[in-house]
Amino acid sequence: MKIGYFPGCSLGGTAKEFDISLRAVMKALGVELVEIDDWSCCGASSAHASSHLLAVSLPARNLLLAGQQGLTEIVAPCAACYSRLVIAQHEVANDAGLKAKVERAIESPLPAGEIRILNVVQLFERIGPEKLQAAKRVDLAGLSIAAYYGCLLVRPHEITGFDDVEQPVIMDAILAATGARLVDWNFKTECCGGAHSISHKPIVTKLSKKILDDARQSGANVVAVACPMCHSNLDMRQVELRKEGGHQDLPVLYLTELLGLALGLGRKELGLDLHFVRLPEQAQTAPQENRA
Amino acid sequence: MKIGVYICYCGENIGRTVDCAAVAKACAELPGVVDSVDYKYMCSDPGQNIIKNAIREKGLQGVVVASCSPHMHEKTFRRACSDSGLNPFLCEIANLREHCSWVHEDVPAATRKAIDLVRMAVEKVKRNGELEPIRVPVTKRALVVGGGIAGIQAALDVANAGFEVVLVEKEPSIGGHMSQLSETFPTLDCSQCILTPRMVEVYQHPRIKLLSYSEVEKVEGFIGNFKVTIRRKARSVIEERCTGCGLCVQKCPTKKAPSEFEQGLAKRPAIYVPFPQAVPNKPVIDRNVCTHFRTGKCGICKKVCGRDAIDFEQQDQFVTEDIGAIIVATGYQLYSISKKPDDSAIKGYGEYGYGKYPDVIDGLQFERIASASGPSSGEIRRPSDQKEPKKVVFIQCVGSRDEAKGFTYCSKICCMYTAKHAMLYKHKVHDGEAYVFYMDIRAGGKMYEEFVRRAIEEDGVKYIRGRVSRIYPSGGKYIVKGEDTLAGEPIEIDADMVVLATAMIAQPNAQKLAQVLGVPYDGYGFYQEVHPKLRPVEVSTAGIFLAGACQSPKDIPEAVAMASAAASKALVLFGSDQLEREPTVAKVNEATCIGCFYCQKVCAYNAIEVKEIRDRKGNLVKTVASVNPGLCQGCGTCNATCPSKSIELLGYTDEQIFAEITALG
Amino acid sequence: MSDLCTVAKELLQSGQVKLIVGYEKGSGPHRTRPVVIRSAEEAGRLVFDHHSLNNLAVYLTRKEIKHEGRIGIVAKGCDVRAIVQLIQEKQVKREDVVIIGMACDGVVREFGLAWEREHVAPKCAVCDVRTPHLYDILVGSPAPFEPPADSQLARIEQLKAMPPAERWAFWEREFEKCIRCYACRQICPMCFCDRCIADKSVPQWLESSASRRGNLAWNIMRAFHLAGRCVGCGECDRVCPVDIPLSLLNREMALVAKQEYGYEPGRDPEAPTLIGTYDKDDRQDFIQ
Amino acid sequence: MSESNWEPKIVAIVCNWCTYTGADLAGTSRMKYQPNVRIIKLPCTGRIDPVFILKAFERGADGVLVSGCHPGDCHYNAGNFHARRRWMLFRDLLDFVGIEPERLQFSWVSASEGRKWVDVINGVTDAVRARGPFTGYQAINKEFVAHE
Amino acid sequence: MKPAHAHEHTLVDDINELTHQDPALCYQCGKCSAGCPIREFMDVAPNKVVRYVQLGLFDKALQSATIWLCAGCQTCSTRCPKSFELAAFMDALRELAQERGIEPSDQAVYKFHQAFLKQLRHHGRLYEMGLIRDFKLSTFKLMQDVDVAPAMLLKGKIGLFPHNIKNREAVRRIFKNVETIEKEEHS
């Protein structure tokens, strides 16, 4: 199986472990990732705040490149990139006037063929749980996962058409393959304020706390995410929360890292040591006492 | 030929875009037209008099009125004609308003069109024949479909006027939703107390035949002469024998089926009477849960029954009734707060948990909780742990006024019953807090606004203007996230229980029944009245009338009023022994009919009969079709199908239509 | 004496039928003509061969003979389809006819043509009733027969491939030739009306005199009235004095009936007719 | 009318209960549409004989719309079902003799679909305008217009 | 459908063009504000911003910090009973505010976006170190994240040097073209 790959800026930096773990897991599953050649930033999360046309044109360039590379299916692990790409695709498809302007902006007609854009959860859906099951080496019985979808994976539903917009379950279903317990909790799609992580730290710190607290109260000992911004907020902001006191660390892992562990890949291979809040070695498989 | 043409300005309505004077002038030139007049309001008395006088003085043989749609005033003008001795069917309408002046802007073009329309009508009317109304007998017997408060009211009104009524109810008991209510607004009197006597009256009424646990299967015939087939669903209990002693119900070992009447808040046995005051007070076996039907064992009910009234082998039975008028009172259902399959218009509220939180309930469930006959005997207890909720949030417009997840319309009664719920709660839990989230308060109705104010001013219910965005459980409570749009402040309430005022929507089988009855329905599945203002209880199918919430959301007084209105419509029909029907029916030309009976194949009313033509000696000459004018509804499908055009629809003959087409500008 | 004659003789002698409609030797080579015989003696006149062209079903609805009593009819498979359709349309009672079904090896296009491959009637190309599907007595059994190509279908497809304007021009030329002699109507077993609407004057359905407009109207109306009824016996083609390819119109309608509604006329006397019945799921993608 | 300011002539043959009422609704809602259409009202689409359509063309119509109740909504239960079969055949027949499909169109318009009526009428009018005058039929009409 | 008579072009028309939806759709139920995660930090409730636009109080809307604080999470759009895309509406207001030269009342977010786009324009991709540097310089929040930044550097999560794309020109041209197109439209 061969799939186009749009890493997006974060996966080259703050979210490099997302990139590392994704590549490792794909390798283990025998899926070839073809990186879009010379891809550029999708514009999230600033372009759409200043120019609608720019916000559509920037992703459009990457769709163009993908088309030129003959890719019909690409995965964008970063939820923000995914969102910008699908929205851009949707808007040019439904607004001929806009399409013309965009093609003027990128100085080329857009590829005619349909390019299917997948977020990381859809990627694993596409690969199929049975394949995961087959490749599974370690049972993560020790983990109680709160699957965190964030905003941009499911919204806007009429465009993504992905999962239930209020009570999503697909990531849970995929993570179930690890043998871990999936907790039912309240803030699966609550926003962490990602866009403001630099401009308004106090806001995101507060929002992150809410989310982490609910996850813990719901019995989770780890949070699974599929978005770099969600991750850097939930993970990094715990540094402040520690200072505020009364905070209890809650490791935040990319879904690819959790799956990687289940596939028996090493913590290094998965970049687990790059987090601020570490997942304790023993946690993974240790039998749980507070198992509901 | 002497034809008169009368052009109406309809005040400005036609006059603004059609040059009526010019039309009158042009039409005066049409062959056969001897009188062409334009006038401000043709439907007014002076307007009608112009026509009447012309008929007498000029000896008109045909009249064309160019005015509003025939659906508005055709009858008016035809009456005017017959008043002055001209057969009403020699009058034709040219629709200059709905089909011309109101839909076009360019005056010359509209005027040209108007002239065409009149010319066409003139050519048609020249070929109209004098028609005499058809008289058919009336069966003075009413069918009422639905045994809720509306059906009960309608049945009693008709029966008390001295006519027989067949009342069909699909549930094991009559009473409908009203029987589930605790108290009723705005008087707070107990629902059961005012309803039960009516239910009993129905049961004991000598002229009401109650068919409970039954459904309408087929409707044939037409106004005054319906033949209705009713399915009597297998109750597994022989009603005639059962005394309603209830022993079987007590002894039934299977007691775990969720009670429909208690909205799933309590359990009932496999053999059950929906509620203590049920009418008829005869149990029914739920074959899906009954051990006997599932495993063939048990049969305790049969053993304990002293009257041998249990019949496991009972099958659905079909009865047919001769009916003159049908009153449809099939009511409503509540928008389900749990998630529905994608094909349904109901999307459910994921942000409110799709009904997975036990203490987030709907209005009818609260009615049961508050009802003295309910599962907690009237004490307010929340379903999850039977604790008394100290903080209750009521949310209005769930599924109503929400085109994204439900329906665009306002369910109309939620503002009132929510105020009632909040009041009942405060009356029972004095130290409790009640919050109501609303968008607008629609309390139009006698003592309604006063009622809502009472909830706020006397009972201290806190009203918050805004829709709730999210409900989620936290530490045994439910966090309700809202915004007070008046204060412009976000607000979070940690409630013990949340009550959703869900939309009133059409019954799940409403469309299926509509097609059985031949009743039109709107985009929401509510039944469509003929005229929203002037004929609110009639439908386009003559002899069928609407009562209650099957037409649109209604409260009890409205449903009852509408029921009495429908009843009186039926009584008007029963007032005469014969019924006059439009004579626009099909007629056979026996000379040319070759008896292929294609007409019979296409007739939806079995109005075509086989007629044998014999010579004097009685030898069969040929067999031809013949029309039963009582059954013929005048659709004319036979006419179009007949290869030799030996059957014609009076009033719409080929000759008339050709003339109309030929008159095209 | 052929079986046909024996059969006929027997039927008349035993009084099972009052008369028999069949074919007799025509004047000149490669010709037959319809004949009505009423006595066993005449039975010898009956013939049946590649030149028994007429669809005799047309006589079943003729007043002249209808009332004489039970009729025997000599019928090829294609003619039997006409008889069946007449039964479906209540014009003939099954018990009133004795069908002498003729196993058929094909007929020629026109009288006077010798039985050669290029002379075979177009309808034989698609014939699947060389042994009639309904009969009281079967005579003969079909010999091996290599059907010719379906020239009709070919022409229809060729017409459909044209742009509308050209099709219009084609039919304009054809209909222009029509002299309104109504031979097509006369010969057609399905045109059994006592008074055809073409002859109706009040109101007038179509111009009665030959004219481009009247001719178009007549031919469209004729084809439409036969839609789902025409069994494709091709008699109209044969008798048209100006050679309008009428059966192309009929065949086109038959194709629609088959493909949209799976209906073929004259197959089963009990079957409901195409017009006069409907299915809730009938095709309607052409309706906005 | 000279070619320059030629306007298509449209005839709509509609049923009384759904489409005619729908057209009334368009009126009461003061929606606007092109004035080219002339409506012939019949009780039911079942009443429509295809010859009516020919007659309309013979009277110089450039396009004909036939419209009635949606399936299942027929005031007479099944009139539109029977009509639908006839239309299928007749439409194909006209197409086969070379009449462009734009000239004969069909629709279901219910009593509550005033908006749809407007859209359909404008659609038909524009489609026919795009096709231009029905010269084919007008040519064969001429000889009659002469001696009529 | 626009009425025939002369119609003055207002902010509402611009919004319609950008978002294909009319603010008149909103019936002010407040569900958007109720669910907004950022609500408590906003000066004006989101529904009230729509209200201002409905009333023609455009400056009040454009000067609010709310339009900048909106995180674009689309919780509002998803739950709106009228299916009004409030997030898109906010995007449009931000764009129009800049177009009309209205001083953004939340400088931090504005500066962040500027810094972000600058990086993007130069490198074709986001150079996070550069972003943070520029942002801090522009907002004087020099001390923010001093605690985590080193760790990030250590972990190599923030590269010290930008990684440019090969065809940086292409991205620059996109920026240019967009500006020209938008200029054309406003003139």
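Every chain is named by a letter (A, B, C, D and E) in the order it is written, and numbering of its residues begins at 1.
Here is the rule we go by: contacts are C-beta pairs under 8 Å (C-beta built on N, C-alpha and C of every residue); 3 or more make two chains touch, one makes a residue touch a chain.
For clarity, every value in this text was computed on a predicted model and none was experimentally measured.
The chains in contact with chain C and with chain D alike are B. With contact taken as defined at the outset, chain C and chain E are each touched by B.
Averaging Cα atoms per chain gives one point for each, and the point farthest from that of chain A is the centre of C. Looking at A-E alongside B-E, one finds more C-beta pairs in contact between the chains of A-E.
Among the other chains, the CA centroid farthest from that of chain E is the one of C.
If each chain is reduced to the average of its C-alpha atoms, the one that sits nearest the average of all protein C-alpha atoms is B. Centre-to-centre spacing of chain D and chain E amounts to 52 Å, using the average Cα coordinate of each chain. Look at where the CA atoms of chain B average out and do the same for chain D: the two points lie 32 Å apart. With touch defined as above, residues shared between interfaces to two or more other chains in chain E number as follows: 75. Counting partner chains per residue, chain D has residues 72, 78, 82, 86 touching two or more of them. Contact of a single residue of chain A with at least two other chains is seen at positions 165-166. Here the chains touching each other pair up as A-B, A-E, B-C, B-D, B-E, C-D.
Considering their complex, residues 9, 11, 17, 20-21, 23-24, 26-28, 30-33, 35, 38-44, 46-49, 52, 55-56, 59-61, 72-73, 75-79, 82-83, 86, 111-112, 118 of chain D touch chain B. Against chain E, the residues of chain A that register as touching in their complex are 9-10, 12-16, 38-41, 43, 45-55, 57-58, 61, 95, 101, 104-107, 151-152, 155-157, 165-166, 189-191, 193-196, 198-201, 203, 207, 236, 239, 274, 276. Those residues of chain C that touch chain B in the shared complex are 89-91, 192-197, 200, 202-205, 225, 272-273, 275-277. Those residues of chain E whose C-beta lies close enough to touch chain B in the complex are 27-36, 39-40, 44-45, 47-48, 75, 79-83. Contact residues on chain C toward chain D in their complex (touch as defined above): 159-160, 162, 164-172, 205-207, 211-213, 216-217, 220-221, 223-224, 227-228, 249, 252-253, 256-257, 260-261, 274-276, 278-280, 282-284, 286-288.
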